Amino acid sequence: MTDKKTIKKSSLDDLFKKMMADGKRVLAPVRKGETVLFQEVDGYSAVAADYVQTTLSAKEALLPRCEEMMRFTTAQSTVSLEEGPAKPSPVVVFGVRPCDARSIAVVNAVYLKDYNDALYKEKSDSTTIIAVSCAKSDEYCFCTSVGGSPGSTEGSDILLTLIDGDTYLAEILTDKGKAVVSIAPALFAAAGSEVKEKHLADVPVQFDLGALEKKLPGAFDGAVWITQSLRCIGCGTCSYVCPACTCFDIQDETDGTRGMRFRCWDSCGFGQFTLHTSGHNPREVQSQRWRQRIMHKFSYQPDQLQVVGCVGCGRCSRACPVDMNILQHIKDIVEAR
Amino acid sequence: MQDKIIQKAKELLSGGAVQVVIGYGQGTGDRVRAIFIQKPEDAGRLIMDGRCVQNLAGYLMKHEVRALGRAAIVARMPVLRSIAQLMYEEQFKDSDVAVIGISDANELVDLPDLNALKEYVRANPLKLTPEEQAEVDRLDAMTREERWAFWMEETSKCIKCYACRASCPMCYCARCTVEVNQPQWISVPSHDLGNLEWHIMRAMHLAGRCVNCGECTRACPVGIPLRLLNQRIIADIADNFGEEEDYALAAFKPDDKEDFIR
Amino acid sequence: MSRIGVFVCHCGENISATVDCAGVAEAMSRVPGVVHSVDYKYMCSDPGQTMIKDAIKEKKLDGVVVSACSPHMHEPTFRRACAEAGLNPYLCEMANIREHCSWVHEKSEATTLKAIDLVHKMVEKVKKNQPLYSIKVPVTKTALVLGGGIAGIQAALDIANAGHKVVMVERSPSIGGHMSQLSETFPTLDCSQCILTPRMVEVAQHPNITLYTYSELESMDGFIGNFKVRIRKKARCVDEKLCTGCGLCTTKCPTKKIPSEFNEGLGMRSAIYVPFPQAVPNKPVIDKTQCTFFLKGKCKVCEKVCPTKAIRYDQEDEIIEVDIGAIVLATGFNVLGAEHFPEYGYGRYRDVIQGLQFERIASASGPTSGAIRRPSDGTEPETIVFIACAGSRDEAKGIPYCSKICCMYTAKHAMLYKHKVHHGKAYVFYMDIRAGGKMYEEFVRRAIEEDDVKYIRGRVSRIYEEDGKLIVKGADTLLGHQAIEIRADMVVLASAAVANDGAEELAQKLHVSYDPYHFFAEAHPKLRPVETNTAGIFLAGACQAPRDIPETVSQASGAASKVAALFSQSELTREPVIAVVNRIAPPLYSTCTGCALCVPACPYQAIEMEEIKNRDGVVVKRAAKINPGLCQGCGTCVALCRVKAIDLQGFSNEQVFAELMAL
Amino acid sequence: MAEFEPKIIAFVCNWCTYTGADLTGTSRIKHATNVRIIRLPCTGRIDFMLLMKAFARGADGVIVSGCHPNDCHYTSGNFHARRRWILFRSLLNFMGVDARRIIFSWVSAAEGAKWAEVVNTAVKEIRALGPYDEYKNLAPIRASWRTEHAG
């Protein structure tokens, strides 16, 4: 049962300080030149205002771009695993957009469903998501087309919605959310009859997800993939900014007798992603990789994991150096006869 | 200008000289994007204005684009330079490509073949603009420690998405150095060392080849001013070696000057 | 897992005096992949090599690191030993813990730790070594001899007599070199020309020798067995085929007051000239810088008088290209110029001369027909002073070395003088007398004891002219630095022997090393004295260091025998240290991306682009291809290759990387 | 406290500097023990990435040395290398990498004494600059390995 409270914008700094005093690291969107990135902050004043979407998603709190998996030492004929560094303190991620919060379910489906990934689980358990509803959207946003909304609570521990210039409606959604409130109960007030809906951005539904999911299995051999991806240059930007992309690469690094294993982001957009040792590459050209991206998110993942691999945050389209607009491409596929 | 390009594209396509024209068209919102015109009647979609800065030369080497047939490419100066360099690097020949050249003065340039293009590029050597030079100088004026802090801050944003590489027409290698793992020269993970090594390596591998189109910086999703590195090298090449060679690192003069070798 | 054997050499005490060799061996035994690690007093000795061979067999080693001296010293030794035990020789590496460690550091823990590092890095390298197979290349059995002095003559004749072709290139119009200028030779006092001239003629007439005089090396490419040489044959302005050497042109030439190089400026020659009567070839050359026709456009006297119409004013330099298998460098030496001796008044006082000038004066064929006469007034000097070490062993003149020949020829000069001017007084100022050589010491004693030459140990501080005499001021250090003043009629300086003009430039053309004095460097001072660091290029005579005639001749024969040995095989084997372009599975075939930027960077034009075809014969890509015959293994392309598609055998990316990561 | 002993890695060509360093040995000219030589055929073979990796591996300084101009055994390897170093050094400096820690020299096969001097000067200079932790610690494997596990 959702507990609704209010909190003043002016109290957020206090909340931050109290959470930090409680031993939590607080990550929040910080403006860096033209980008807005989640970074550890020491107060609310550092938090960026007035942006539609962060440049990178909050996924990194749970799935870092480069993460130590284990460390080892080698001797004459043995390899021994070593204890890693001390566990980092619990994290509160503030300012997550509802679409990003929804994406956690997609990542969870990969890392916690069939196999329980200990590294991920550890982070997942110790991370609290304070999301903030979207009052603004742009032409790239399409959360409503993939089952989300600018005020969706899915995946958040607390969802804040600015209901007047100074007051947030705080929906306390989980035990982790309650734990945050309990750190600074005085900062929260009981909510009245406020409703968030009228404070949310208007994001129109752009395509019929069901129709897309039906269409894709038969579209594998179509020419659309080539046409759409002619301008795709094969970088990994879309995957790396995507909150729901989960693929990783494993890299070992050694220094003398010491070694470390890292898990690093990877992208199906890269030519080498599927390269076999034999030299054979089942996805030899970019159009096949583009198809994979769309198929995986909108067909394979719904089939296998019962989640749609896209939350409509629009980041990939915003960040794409060559203006590959996923929304436009999907609409074209749905509308094609 | 735009009309002339459309006209030229129509001619090339209808005459059968090319099967595809690579140019700029309307993108999302006020963006422009690369478009691939295959029919004369679609040529009207071509756009030419101040937003059309993406270096399209890389598409000439893309498998699916090549499969369309002989291409004409709308080419401003950086694209012309890229084509000249790619030609020097034997990546394509005259029969592969026609150019619709546009001068820095925004005039259509008649470049009937790639040799003409090569001459044209040679006649307009690569130079940094005063503004670009000033930005390089601004960094040079910092202390070493400040520069280190600057680049550490910038490269810490790097996520190794390789958009800089993918967007660069000169980064066409079949297997990039970072993917060479016997031995693993460049640390792959996106940590401080991996990021720094990647960007040093990339700048060095573009030394003498970079055409200063700025695509890497535009492509970078986290806004790292990568082209500064290439611009430093472009200035160094001009200062130290002059401008004659096609590739400064495969050439030398017995009296090349330096002031640091003991 | 590798099975590496490590063999740590004590080199007697050369290494073990400062490095804990047993400690190094022990440390290596703990390195993963090392299955055998021992130390021994002399690894290069027979028992030492046997240890290695036995270990290879018993422990089934797949890599060997010999930790001893420089690989330049014993790498071939140990690689051969490994090969004899059935291990591919290129799976053996040396760690240099002598030259680079024990000899340059004091005994300390740091020294041993460094040795451990040096050995460890080679262990890591050898793990990445691949078996390699030496490359067979054909040998062009023609030798190039650069220089036509006694060194070149001897080498050329020896090679030619062994049945091989020789191309001899001499810079001046005639062969003969400095030896042809000498009057008599020590210690036998036989006439230099009498023993040399027959050899010169033999060279000219030998069916296996092609002689190019008045010619210089233009450029050299290629490598041992397969050099390509371009020779610039300078225009003589005389058709050598037509010229009979009658000499009419030289006698009729109106320009006659040109100081003769052969006579060291003590005699004169004409503008069209033969340097000396016994010159080989006996064909004149027009000195374009002096000839009236070339300077003023008219004269042509020589053309008019020539009975065979052999004069060719419009003759141009000719470039001759030859394929060569080996090169003997015999370009000789020079003597220190006049400008270095202001204190002796050389160049200012006409009667202060240097040794080669005295040779001409004493020579029967010289300007005075062998009579000892002062250059200034032609009188017979009553008192003569010889100054040894004029420039030699003098840091201030930049010549710290001993010129080696001066002690002997000064004694000879003094003797020749006394034999001709019996009543004259001869003084020799010297620092030390170095007369090591067969009959040399006896020769000097004879000068002192039989010919009454006065030897004064000390240096001359100054010479000045006074009343037609040269006042030589010096000190006798054996008499407690007693000041000495001699009123002499003539002074002879034993000027230092220095590298020949253009030696540095020539070394650079041939890619051979040279020392700080521009003498060419031998591959090893003791064990490879006639070889250079560049395979197939050998040294003879004073271009390497000051030498006398017997030494020069024996070294020339040594070089010739090296050439003959090389030519005795139809193929030679080369180290397989060459670059290769990788091949991988389709569809990439090679990681080479075909950018072709390595092509212009290769110093040997060894890289070309090739088309790779699939099994249907369709060209799938273009990739670089290294010609193994031309590649010399510098690795410039390897460093340049962005995708690392080119690698260098023996110094591969994996090997070098492994070395670095071990440090 | 003991003096800081810098770790210096030298990349040298086989024909000039390596042989020159041999001559240092043959001449018994004593010098500091800090330098470890890696032998390559030619300076032309020295990839700039080797220098980068040397610092990543924990070097405090690097020496690069080969034949004097015009003396290259392979004619022009050192000329190519020289251009490479001109650009590489400038780039490193522009990125704030401490280019003073890379010492470039020409040492011929005859310059045994010069090699000793290059080594001693390098050791002195790098010692004065101190450990290059700034670079070494970029890699997590060096920065975050707990000291009790240090190998």
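The first chain written gets the first letter, and so on, giving A, B, C and D; residue counts start at 1 in each chain.
FYI, contacts are C-beta pairs under 8 Å (C-beta built on N, C-alpha and C of every residue); 3 or more make two chains touch, one makes a residue touch a chain.
Values in this document were obtained by computation on a predicted structure and should not be read as measured data.
*Asks:* More C-beta pairs touching across which pair, A-B or B-C?
*Replies:* A-B is joined by more C-beta pairs in contact.
*Asks:* Could you work out which chain's C-alpha centre is the most distant one from the centre of chain B?
*Replies:* C
*Asks:* Which chain is the middle one, judged by CA centres?
*Replies:* D
*Asks:* Taking each chain's centre as the mean position of its Cα atoms, how many Å separate chain C from chain D?
*Replies:* That gives a centre separation of 31 Å.
*Asks:* From the mean C-alpha coordinate of chain B to that of chain C, what's the distance rounded to whole Å?
*Replies:* Spacing between the chain centres: roughly 51 Å.
*Asks:* Would you kindly tell me how far, in whole Å, the mean C-alpha position of chain C lies from that of chain A?
*Replies:* It comes to 72 Å between the two C-alpha centres.
*Asks:* Where does chain B touch two or more other chains at once, residue-wise?
*Replies:* In chain B, residues 175, 177, 185, 187, 191, 249-251 touch at least two other chains, as defined above.
*Asks:* Can you list the chain C residues in contact with two or more other chains?
*Replies:* Each of 588, 601, 640, 653, 657, 661 in chain C touches at least two other chains.
*Asks:* Specify, in ascending order, the residues of chain A that touch 2 or more different other chains.
*Replies:* Correct list: 253-254, 256, 262, 284.
*Asks:* How would one label the connectivity among the chains shown: line, ring, star, complete, or other?
*Replies:* complete
*Asks:* Which chain A residues qualify as touching chain C in the complex?
*Replies:* Of all residues in chain A, those touching chain C are 74-77, 254, 256, 278-281, 284.
*Asks:* What part of chain C is in contact with chain D in the complex they form?
*Replies:* Those residues of chain C that touch chain D are 70-73, 96, 98-101, 103-106, 108, 110-111, 113-114, 117-118, 121, 507-508, 511, 513-516, 521, 533-534, 577, 601, 603-604, 632-636, 638-640, 648, 651, 653, 656-657, 659-661, 663.
*Asks:* Please give the residue numbers of chain C that touch chain A in the complex, ascending.
*Replies:* 1, 30-32, 584-588, 661
*Asks:* Quick one: in the complex, what on chain D touches chain B?
*Replies:* Against chain B, chain D makes touches at 47-49, 52-53, 56, 69-70, 76, 79-80, 82-98, 103-106, 118, 121, 134, 138-140.
*Asks:* Residues of chain B touching chain C in their complex?
*Replies:* 89-91, 172-177, 180, 182-183, 185, 205, 246-247, 249-251
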